[in-house]
Amino acid sequence: MFEYAPAPESRSVVDLKPSYGLFIDGAFVDPTDGDSFKSINPASEEVLAEIAEAGASDVERAVRAARKAYDKVWGPMPGRDRAKYLYRIARLIQERSRELAVLESLDNGKPIRESRDVDLPLVAAHFFYYAGWADKLEHAGFGGNPRPIGVAAQVIPWNFPLLMLAWKIAPALAAGNTVVLKPAETTSLTALLFAEICQQADLPPGVVNIVTGAGDTGRALVEHPGVDKVAFTGSTDVGRAIARSVAGTRKKLTLELGGKAANIVFDDAPIDQAVEGIVNGIFFNQGHVCCAGSRLLVQENVADRVLESLKRRMAQLRVGDPLDKNTDVGAINSAAQLERIRELSDAGSAEGAERWSPPCELPDRGFWFAPTIFTGVTQAHRIAREEIFGPVLSVLTFRTPAEAVEKANNTPYGLSAGIWTDKGSRILWMADRLRAGVVWANTFNKFDPTSPFGGYKESGYGREGGRHGLEAYLNV
Amino acid sequence: MSERVAVRKTYKLFIGGKFPRSESGRSYLVQSSNVSLASRKDARDAVVAARAAVKGWAGATAYNRGQILYRAAEMLEGRRAQFVALGVPGDEVDAAVDRWVWYAGWADKLAQVYGGANPVAGPYFNISAPEPTGVIAVVAPERPALLGLVSVIAPAIVTGNTVVVAASPSEPLAAVTLAEVLATSDLPGGVVNILTGAITETVPALAAHMDVNAIDLTGVIDTALATDLEVKAAENLKRVLRPASADHDWFADPGLARMTALLETKTVWHPKGV
Amino acid sequence: MTATTTSARSELSELGRSETALRTFLHGLPGVDQVGAEQRAAQLGTRSIKTTAKAQAIDLAIRMVDLTTLEGADTPGKVRALAAKALRPDPADPSCPHVGAVCVYPAMVPYVAEVLRGSGVHLASVATAFPSGQAPLEIKLADTRAAVAAGADEIDMVINRGAFLAGRYKEVYDEIVATKEASGDAHLKVILETGELATYDNVRRASWLAMLAGGDFIKTSTGKVPITATLPVTLVMLEAVRDFREATGRQVGVKPAGGIKTTKDAIKYLVLVNETVGTDWLDPDWFRFGASSLLNDLLMQRTKLTTGTYSGPDYFTLD
């Protein structure tokens, strides 16, 4: 036997304070009514820090600071100077990436391998990419005089805390807007460290404001009349509520919501890579991924073989301490999310699907869920229709390409899809017909700052990334 | 010899390429003509027709869609006098023809302007292309009845969407006559469906309809109604185009915004390897 | 062995009778996506193997080394010294295990055999007109028989890449079968020379071809062309032996050779084995490293782990 010894990444790079204030107008301030909540490490349930909870008056202060910065500093600033601030931020992120990665894993529960090799490089790249747009907006294809919108209210989820922050803040600032951003209540810490980076970059006060809190804070921010633009990433239900709340206003809205992606494997697929793609599609980031390949559609004539390979591969997944460099699957982000995953998985069993997990020892403390697949799933099962947002894969079969397309599209969502086949013309035929904003062919869960990302149908509207991502932050 | 008795036109709805009366059997009087007063049921029928047409229209080649839109411009030009007789100013008819022609040309160009290859940091081919959103509900501007109508229909359908349009309630005759133009332009049935009557009756049904993908509120003047429609549209996250400002210049260059607002961007990745 | 694998095995053994059957089978194997395979290998390369796991891995890697010299300038004196090192890699530390085998040219086999006799260290010889394989079959077989007669218990043969790339699969197959027969009781390692096969699809096909023809091991490279063993090539070969055992019940070994110079490299390969085919292959009988300079780096790292201080090249023998 070859047992890997523990290989923990050191926590010492992270200097956690006992409590954090709100970041408003360039400084950390206490909330007006002094409320706070605790951020915990989901892998151990240890309290990491006390986080200020922003109330309506704090949101008011933040929006006012953002407005002032927009009117006086950031709006009038030449694009080339905005660019330099963004480049500075990108560099600071690269320089402090170890610290950010460790903090992300501590607060979110994701494996350090992913925060180190995926999240942080993409975060820096995103700022670097949009920095370069700041002084080229008139060439971006939106007419000769694209104008920023004003103050952007941005509400982001807990699954990729810093990456989602980058997706929101980088294009907004490049286009000349100022922002008030609310991180998810379970993962505020890297956003607050990012606030320190803004200070280190000498970013003018008020350009970036971070208000921490839960749903009420988010609602106050989104509904604030001083906001010109709302960008939200999160659940479809909350997205719907936001769409209602901005109805009748001048606020421009972009939404990146849920998904129930089909990952479609044909009998001529490169099987070993397809199995990797299935694993990466659903177990990456514990399945807390809106574009996760949570429905495996496998051609019936290779289903047994693919499932056998998949199970063998799943048995290799190392579940445990997110800070261990060899961990593949970390902790579920919160007790509430774990409860939801359990509830839907239990529904899967109750509805008659067959459940399987590799033997895997889960830690006693913290929130954990073993990688799980359900076979014998039909389109009617809840686990084939509802977003589980966890390491749970529903396996369905199909017989023909047309049937695969039909099943893949048979959902109110439309964020992503995967296709695995060695036949080029079939890939293009399928890609044309899949109603999804991102189609990965012979790969899955790939992201890049130049590549637009966003959904069809109830997966939201607007695109983040690339030239398209600028449009959300410009009056065109 | 007695004067010839004219054959009068019946102004009906345009659904699925056919000209039915409202299933409700109701009509209202405009410029001495009875115009169908569409019901919620008519709106639902129109959505069914529009949905059925999506596959063929979105799946047609861009060249083919461009040809058909250009054909519509030809037909419109040929009926210039008819529109003028309805009271549409000649320069508005001319502008409407020119607008069809302008949009017709976009059919096979927009994907090149609005999409393209993305230079991702890795061994991948990565390309973004616009795709139609699907079925679009459109509230046409009250006036100019013809140019406004053309200016909301053409950008929606040129990219492959199908539409259910609530025509100007006060000036619906141009809309029905435009339907006759479209019916003779090789446009497949169901791509454009036109409802006449009260916006307050049909449009809330369209805004709430779960099989409609986007709603263009351009012609909604009542702000309370616009807000209500936007709230309804949120139920299935319809893409929403908010009402146009009262002083909108319909003769000005429309730009790309009306087209791009009703598009999805699809990005496809594939590894590059041997 | 189950009834299914028995029948699958006999079906597969029929393939070698016909060029068409071989081609149909080899071209029906699932494709390999280059980018995906390379990413998987790179990801496994990020595993962090520390402390006890590292100590275990180093000793295992030493036991898997095919200590190799394949130079025109090899002499009896040189290969004897190498063989002595194979037996006692670290003379200062008797707890250090011996290597898996010594690998030399056929002419050098008798000198090595004298040293290794009874030691448990295997004696491998390259044969079949190594490294090009460009000689008439009779000469290749004579080469093989001579090496076995001189004391080699492992034969490292090269496949006919020209025939393989030209699609003459049966010719390649027949040569392997003949060499296997000429090898007698010696284990046959089939060198695919993956650096010349150009694609992972070809690596997978060549792996299957070698296994179908009776090879006991499949080996990446001669070390004599610019591209030698890589992690993704080894990954594809490991997948092939895994699938072959599943289909036939017969286990085949894998030997990456060339370019593996450091302990860090070797450990990446062991991780690859561990997470692709599992512990059944984590044994010198089923996995080897074709290497020369690797051994000293393993020994230096081993010393670091046992003494806590970094060693230097002066403290290890150069042979």
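By letter and in written order, the chains are A, B and C; residue numbering begins at 1 in each of them.
By definition in this document, a residue touches a chain if its C-beta (ideal position, glycine included) is under 8 Å from a C-beta of that chain, and two chains touch if they have at least 3 such contacts.
Note that the structure is predicted; figures quoted are calculated from it, not measured.
Summarising the inter-chain contacts, the pair of chains with the most C-beta pairs in contact is A-B. Distances from each chain's CA mean to the overall CA mean are smallest for chain A. Centre-to-centre, using mean CA coordinates, subunit B is 68 Å away from subunit C. Remark: subunit A and subunit C have CA centroids separated by 44 Å (rounded to whole angstrom). Subunit A and subunit B have CA centres that are 36 Å apart. Within subunit A, residues 442-443 each touch two or more of the remaining chains.
Shared interface positions of subunit B, i.e. residues touching 2 or more other chains, are given as 122, 124, 271.
Residues of subunit C in contact with at least two other chains: 33, 35-36. On the subunit C side of its complex with subunit B, the touching residues are 33-36, 38, 198-199.
Those residues of subunit B that touch subunit A in the complex are listed here as 113-114, 118-122, 124, 126, 128, 133, 213, 223-224, 226-228, 230-231, 233-237, 239-240, 255, 257, 260, 264-271. Within the complex formed with subunit A, the subunit C residues making contact are 30-33, 35-37, 39-40, 46-54, 56-57, 60, 239, 270, 274-275, 279, 282.
For subunit B in complex with subunit C, the touching residues are 122-124, 271-274. Put simply, subunit A touches subunit B in their complex at residues 125, 141, 143, 236, 239-241, 243-244, 247-248, 255, 257, 412, 414, 427, 431, 436-443, 446, 448, 450-454, 456-461, 463, 466, 468, 471, 476.
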